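In what comes next, chain A is part of two complexes: it sits with chain B in the first one and with chain C in the second one.
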Partner chain A sequence: MVITVDIIILIFMILGALWAVMTRSLLRSAIALAFTSAVLSVLMFKLNAPLAAVFELSVCTGLISVLFISTISLTHPLTWEEIFQHMRERHKRFKYLPFIIVAVGIGLSMVSVKLNLPLPAPETNNDMRIVLWNLRRLDVIGQVVILLCGVFGVVILFKDEDKK
Partner chain B sequence: MNPQVLGIFWPFGVFMIMLSVIGIYCMLLTYNLVRVLIGLELLIKAATLLVLTVGYCNGHIAQAQALVVTFIVIEVVVMTVAVGVVLGIRSHNGSLDVRKIRNLKG
Partner chain C sequence: MLSGLILLPFFSLIILNLPFRALMRRLSFGLFQCLALAQIILVLSPSVFLSGSSSFGVDRFFKFNLINDNLTRLMLLCIGMVLLVTVFVCRYTIKGPSERFNFINLLLIALIGTNGVVMANDIFSLFVFMEITAVASFILVAFHKKADALEAAFKYIILSEFAAVLMLTAIALLLFICGSASFPAINAALKNSPQNFLIMPAIGIFLCGLFVKAGLVPFHAWLPDAHSAAPAAVSVFLSGLQIKILGAYTAIRLVTSVFGYSRPVTQILMLVGSVSIIFGGLAALRQSDFKRMLAYSSISQVGYIFLGLGSGSALGLLGAVFHLFNHAVFKSLLFVNAAAVEAQAGTRDMDKMSGLAARMPLTGLTSLLAGLSAAGVPPLAGFWSKLIIVAALWISGHYVYAFAAVLGSLITLAYILSLQRRVFFGKIKAEFQEVKEAGFALALPALVLAAITVAVGIIFPFLAQMPKF
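And then the complex of A and B:
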């Protein structure tokens, strides 16, 4: 029963991803991506990962959608003529995608996998905060460094050229 | 691997591969730079789902969560810088179409 609910949620996630890729409006595409992220965060809750789910919901669904929507609003909209031409081109390129996805899904679900990998010892520490701050301290330092790199990168990219 | 664990992992694995195929297809066939970023985002989501599922099946969900939080931070930074690059390309070339970006041709 539980796995059936999971599969229904997974199907919703794939439908959201297909909508994000196949819709012709960029704005709808960004909204579909946010929907996919939201469904993924529900899956994370179901996989006993509530903190990762909250991060996914707030950051990926919220912040990245805002980023994409701001980018789309900063670029100029297409004319109607360009939109119709673009629609025809897109339809030609993307019409095979749903069939490919269905074929991949059916093909993979028919494969019987037999992995004989030994499972590691069960986890002794179940608290994610202790793991992140004590066992994976280097990851936190790496996150800080990457955030600083991103901030400096954006500052350089949007530097005012008039000052030169 | 325990058949019961494999029974949990394999449905998630199938959908993870389908999500990866959608992301790769989008990145390969689109001409719009924003859509390339959307494809990249879908690929990152597939990787996130894989890490969490493996952590759940192995019983190491706390380590998987810590790794996913790191993934999300890196994802946001990559997307922010990529959006900045896309906006810079648009201001230089006047278009987001990859076919019109010929500055480095040859």
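And then the complex of A and C:
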């Protein structure tokens, strides 16, 4: 039963990812990515990784989506003709993508069943504050710098263009 | 003390972007110079560096588990030196105060990223800081928003993120095998279970990611475009520092301290290194764009570092690390010269130039010194590092690879002399009669880097004690 629920969640995640790749609008693509990320965080909660889930939800679903959407708002939208042209090319390019994803997924699951790999025990003992501030302090600083870098990127590469 | 090398640029970045932006804009250039100079002085002062305590008191609140050995110190020296040169070149080539301020912000992020990479003692932290450096580099390449730069940045993003996915997959596999991300724990776990069938795929995948980051053949597609289309100051940073920190240093650190040498690893390193040396050299021979030739030359020279590392001996490792330092010096110098020529002559097309040494004697001389060092001509610094690599390969019985290294050196000499002949030698063309030497901001770093190349080459044979890694 538990595995069935996991598989249903995984299917939702793959559908979200496909939506992000296939949709014609950049804004919808960013929303689809946030949706995929939110579904992934649900899966992480279910797999006893609450810390990773909180990070996925706050950083990937929240902060990164805000960054994407603010960047998209600074770009010029395409005309309908250009959108349809892109759609045609994209559908041609990604025609076989769903089949490849399904085949790879089945292949990987068969390999993992055959190898019978033991999963490492989940880390549930450590308090989140200890993990973030004592064990992964350097990474937290790094994450902050990456986000700042993304903000600089948006400001430097898009802000002037918007004014013009 | 080490934490300060990450935290000081981090807090500087925050302070620079607080209110009073007009004042901060004026201070930013000097602040960055101070940070880079302080890093060089700290690295060259072992007593301060190794004391373990911070005069700023930051270690009390932000104590990180960082590596503090000779290899890290040498890399920190290279970072300080190349970024100081980069900021000088930016002063000359990036005119607007607002643009320059944004550029310095990105350089601060690159400083945090590269310092983090060379000091990280944990494979996931290493990955995080590699990505910080890579993201800053994407924006720096596209900084002027010209069509070719945007295309080069896009190509770089795609290939770099492909490398990131490979490395993240390898990290996941290593976590699966070892249960920890710290270097000593991974090293101990790999030694305890050498027969685990996931080890070699994990190492192989990680190395492929590093080859992309280092721009080695056949993963080099992004490098010539990014290095030639980027602003002059960014080319100095990318070629002089970034590919070596993200690709070469990381490979040296992981192979020597974490993965350990094994026959497949050494074979892959030597094969990719030697193919890059030959291919990069031959491709450089065919270029007429000054910066593009230097970009292909970087592929070739980084190949030497991987070849030395792949020899599997202490001598080869010494040669690899020494060549890494030398390449940071002479390639930065060549890109400074390229910036001077582009700024003064108004073109990068070498077929359109001739006899510029008559009007730009300093640029001509320093460029010749850097080029000869790259080709391994004695007694310049590049000669010794290449000699050590060839000797290490010969002693360890890899005669074919030693021959490839020598052949690569001859090809390097050929394209360097071709560059000198087309740009600096011969009779000066009429349209360049009014050209004059570039300003102080380019002349000073060129002189200092040329002096280092000559001085290291002359002093090296007299060094009795080799550094231990």
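The rule we apply is simple: the second predicted complex is superposed on the first by the 105 of 164 C-alpha atoms of A that agree within 3 Å, B and C clash if a C-alpha of one lies under 4 Å from a C-alpha of the other, contacts with A are read in each partner's own complex, and residues count from 1 in each chain.
The working rule: contacts are C-beta pairs under 8 Å (C-beta built on N, C-alpha and C of every residue); 3 or more make two chains touch, one makes a residue touch a chain.
Just so it is clear, the structure is predicted and the values come from calculations on it, not from any experiment.
Asker: Touching A:97 in the superposition: chain B (first), chain C (second), both, neither?
Answerer: first
Asker: Quick one: is A:153 in contact with chain B, with chain C, with both, or with neither? Answer first, second, both or neither.
Answerer: A:153: touches chain B and chain C.
Asker: Quick one: classify A:105 as touching chain B (first), chain C (second), both or neither.
Answerer: Touch partner of A:105: chain B, not chain C.
Asker: Which chain, chain B or chain C, ends up touching more residues of chain A in the combined arrangement?
Answerer: B
Asker: Now for A:138: first (chain B), second (chain C), both, or neither, which partner does it touch?
Answerer: second
Asker: Determine, under the contact definition given at the top, whether A:30 touches first (chain B), second (chain C), both, or neither.
Answerer: A:30 contacts chain B only, not chain C.
Asker: Please write out, lowest number first, the residues of chain A touched by both chain B and chain C across the two complexes.
Answerer: 117, 120, 136, 139, 142-143, 146, 149-150, 153, 157
Asker: Using the touch definition up top, name the residues of chain B that touch chain A in the complex.
Answerer: It comes out as residues 1-2, 5-8, 10-15, 17-19, 21-23, 25-26, 29-30, 32, 34-35, 37-39, 41-42, 45, 48-49, 52-53, 55-56, 58-70, 72-81, 83-88, 90, 96.
Asker: Quick one: in the complex, what on chain C touches chain A?
Answerer: Interface residues on chain C, with respect to chain A: 6-7, 10, 13, 62, 64-66, 102, 105-106, 109, 112-113, 116, 120, 122, 124-125, 128-129, 131-132, 135-136, 138-139, 142-143, 145, 175-176, 179.
Asker: Mind pulling up the chain A residues that touch chain C in the complex?
Answerer: 117, 120, 136-139, 141-146, 148-150, 152-153, 155-157, 160-161
Asker: How about chain A: which of its residues touch chain B in the complex?
Answerer: 3, 6-7, 10-11, 13-14, 17-18, 20-21, 26, 29-30, 33, 36-37, 40, 43-44, 47-49, 51-52, 55-56, 59-60, 63-64, 67-68, 70-72, 74-75, 93-94, 97, 100-101, 104-105, 108-109, 113, 115-117, 119-120, 122-123, 125-128, 130-132, 135-136, 139, 142-143, 146-147, 149-150, 153-154, 157-158
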